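Let me give you the structure first, and then I'll get to my questions.
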């Protein structure tokens, strides 16, 4: 036991020593930032946070890559106001606590603006920290209203969850798509639950009825036979799936296996279903989704982005990547509108960008004419898309 | 009608748990260790099948054979590198090492195969069958049949072959087995080989029935199968079978008739009640503690 | 293992003193670093989590090392403490405005609640042994996590509303505010946790655990660990002492949970923070620090919490967690494999024989 302790003590000592050295190397800009003095002049330092390991890694990696493409484009074109961007991304494993650690680590690096975080739960924790520091925060995909509530520094690229729930109910109701609707949602996921709650509330205002609302959790998200059976028994004509495409793909497969063929309606989480590795797209035929971005769109901006993304990362980008790509351009637009300079302190920069955000209008991959409220909410139109012959077309 | 449908789905899910639980229970019976990395071997097996079938275009049976072979090698390698040096150390040390191996396999898969979820092509090419109002998918049929075949082969192997008898001897009393001239190291390696081979088969069935694949695919079924093994009496092969099937059925019924959100809580609650009533599991041997 | 041997009283007291001193010195060093401004934001942010994990490791060591029972559900008690504490603070946010007072009451409530659950769960399950106990505690941990994920509690002028279905089923009036929101948990807990409070809580934890170990009750608990039948035969009340150790351990985990909840703006119960992953992580701290070795638990928790964070500065991307896994395996082999231990002893013997003898080295 004594030996063990000695080994541990030595290890601890070396970790501590290492920590000090690490501070020495990278701490210089950090000290500057914290005392409100100038950051490393001559560059914009944009930090990104999201899960690059763990179960939600696919979203974090998409954001990391999508933003990287925008940063490279902007730098190749001469930067923002002639100043280059430096971009660093940190892993949060989709855990709130790790998100805060990542945020602090980025502060040490000298971050001036945060493009993150990707997933909702860590984003709420990080936005509270950022609000305390008055650090400008633009989340590409954190969609809960809790991220914005009571904070003036936080803005969103994506729709809020209630927004999507309301939009979906309205769309189904106004187009008389069904009279009996079933919902399958992820009760352990804030995004899914947020949409479902608003959807259920709004449904009362329309002519359709929710006949079955079944949940699943992150720990039991492979078998949907029960939820589907209940929807089928209740005679639902339309199945609303406010969930991500991985589970949707499973639900489509299992519904097909049991011979149940309702209309499928979904939100932006469904995007990516066609590009899911090896997925039989015939199963997704006729799926309707409200989404701001589809990778198959034929406009120049999307085609150029998708081509670059595929060349660099060998995958077709999903909406998370597109949100992140837009996010970098939104920051660029805000900086240009505010006439900000990189020698401003983090707090001054944030104040300048906050003012600029409500005045700018940005055309991006995920929407044209995007504008922002002072609360941080984006205003843009979701597009209803339907999958026909394996591609998205406007509904 | 839906009751019967739920029952079939439950048995199908339970059969997969049972095959995974067999791996857990064999390793536990012989090496007296909880191999937490077992679930991740399943994931590796599924990725191997995915690569051979979908990427390289071989027929499913080739994929399964390659996966069984590779996972067997992987199982033996893990045992040699991570567990064998710890023989004689405290069981907790082995447990933590197994957890380290589990993290290692997950993160290795993340780097090699990427974080995005893959859609798995079922290895079963027939079905579904319609029986009255019931729908029985090909996967369900194959899963249940394989589970029974594996059970029979395994039981025969253990009771009728020399190597199987050696396994029994080692699980009863390691010290005495050595005195009888049994090579304990070889026997343990053999157990890991069989367990990991079974994991590859479980992986192919799991991902055929629930066709997604990610680096974390194995961890939750792994935990549930571990529960199933304890449920049936850990160390007992028929126990793993009974525990697995019961767990699957309880999970589906819990979801269907009580609450879809609380189904995991229900599974564990039943497990706890069973263990409190019968502390060594349903078919476990109750060993009297000696002074 | 150390405590099992016959040591003189002063030796044991000295060991305890060293542990306290270590914590206090760490506190002073951190304060100096903070005052001189030479601490990175990352390290500053890690101070409270380090205290949380140290307390968790020490409390689990009480169950695993001192009582000798394997528990895989420790994070469940942490979860109960965290939600109780955060719920309380959220409710009285406008009434009690002094941060330290609010968190102190929250800690008392949180640990009481976790201790109560420890007692209730411990009663039926502690008669199970070994791996069966491990799986049952894992099961309870998962049940706690799953149930917390479906609870909705709201408050309006008519009082509290409770539901396990959804936000809408709370039937609140217009002014109603949802406090616990199912899987979205509790948002907006006041950030009352500070490093000073964390250190005080760690010292209190140490005081409770070390005093228990060195007391008559503690010796009874260790007797049960070493030989249950012998202990029973000399008239030790097995159930009572097992329950005592288990509930205290749960209560301390609950207090760590309260600290955890008050350090983050959002509190949700997911597999990573309150599920079996976390329980296993805490167990790793304990085993790596040395089972039964309280000081080792603190050191183990600190090193393993810092390690993945410090690996960030290498820009490894997703290699980071892989390296963590490899280090974990290697350290376990190095620390526990019989052949490695022999090798280490040989090296130590050679080194010792070469060095001139010194007095007073521990």
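Things to note:
The first chain written gets the first letter, and so on, giving A, B and C; residue counts start at 1 in each chain.
Just so it is clear, a residue touches a chain if its C-beta (ideal position, glycine included) is under 8 Å from a C-beta of that chain, and two chains touch if they have at least 3 such contacts.
Quantities reported herein were computed from a predicted structural model and do not represent experimental measurements.
Look at the CA centroids: the one farthest from the centroid of chain B belongs to A. The chain pair with the larger count of C-beta pairs in contact, out of B-C and A-C, is A-C.
One finds 36 Å separating the Cα centroids of chain A and chain B. Remark: chain A and chain C have CA centroids separated by 33 Å (rounded to whole angstrom). Contact of a single residue of chain A with at least two other chains is seen at positions 52-54, 57, 187, 217, 219.
Of all residues in chain B, those that touch two or more other chains are 107, 110, 115, 261, 264.
For chain C, residues that reach two or more other chains under the stated contact definition are 142, 146, 149-150, 288, 318, 321, 335.
Chain contact summary for the complex, chain C toward chain B: residues 64, 70, 124-125, 127-129, 131-132, 134-136, 138-140, 142-143, 146-147, 149-150, 228-230, 276, 280, 283-284, 287-288, 291, 318-319, 321-322, 324-326, 328-329, 332-333, 335-340. By the touch criterion stated above, chain A contacts chain B in their complex at residues 52-55, 57-58, 60-61, 187, 214-217, 219-220, 222-223, 225-227, 229-230, 233, 246, 249-250, 253, 257-259, 276-280, 315. Residue ranges on chain A touching chain C, taken from their complex, read 1-5, 7-9, 11-12, 15, 18-19, 22-23, 25-27, 30-31, 34-35, 52-54, 57, 90-91, 93-97, 100-105, 107-108, 121, 124-125, 127-129, 144, 146, 149-150, 187-190, 193-194, 197, 200-201, 217-219.
Residues of chain B that touch chain A in their complex: 2, 5-6, 9, 13, 50, 54, 107, 110, 114-121, 127-128, 130, 135, 137, 210-212, 214-216, 220-221, 251-252, 255-256, 260-261, 263-264.
Against chain A, the residues of chain C that register as touching in their complex are 1-2, 37-46, 49, 142, 146, 149-150, 166-168, 182-184, 187-188, 191, 260, 263-268, 270-273, 275, 288-290, 293, 295-296, 299-300, 302-303, 306-307, 309-310, 312-313, 317-318, 320-321, 334-335, 344-345, 348, 362.
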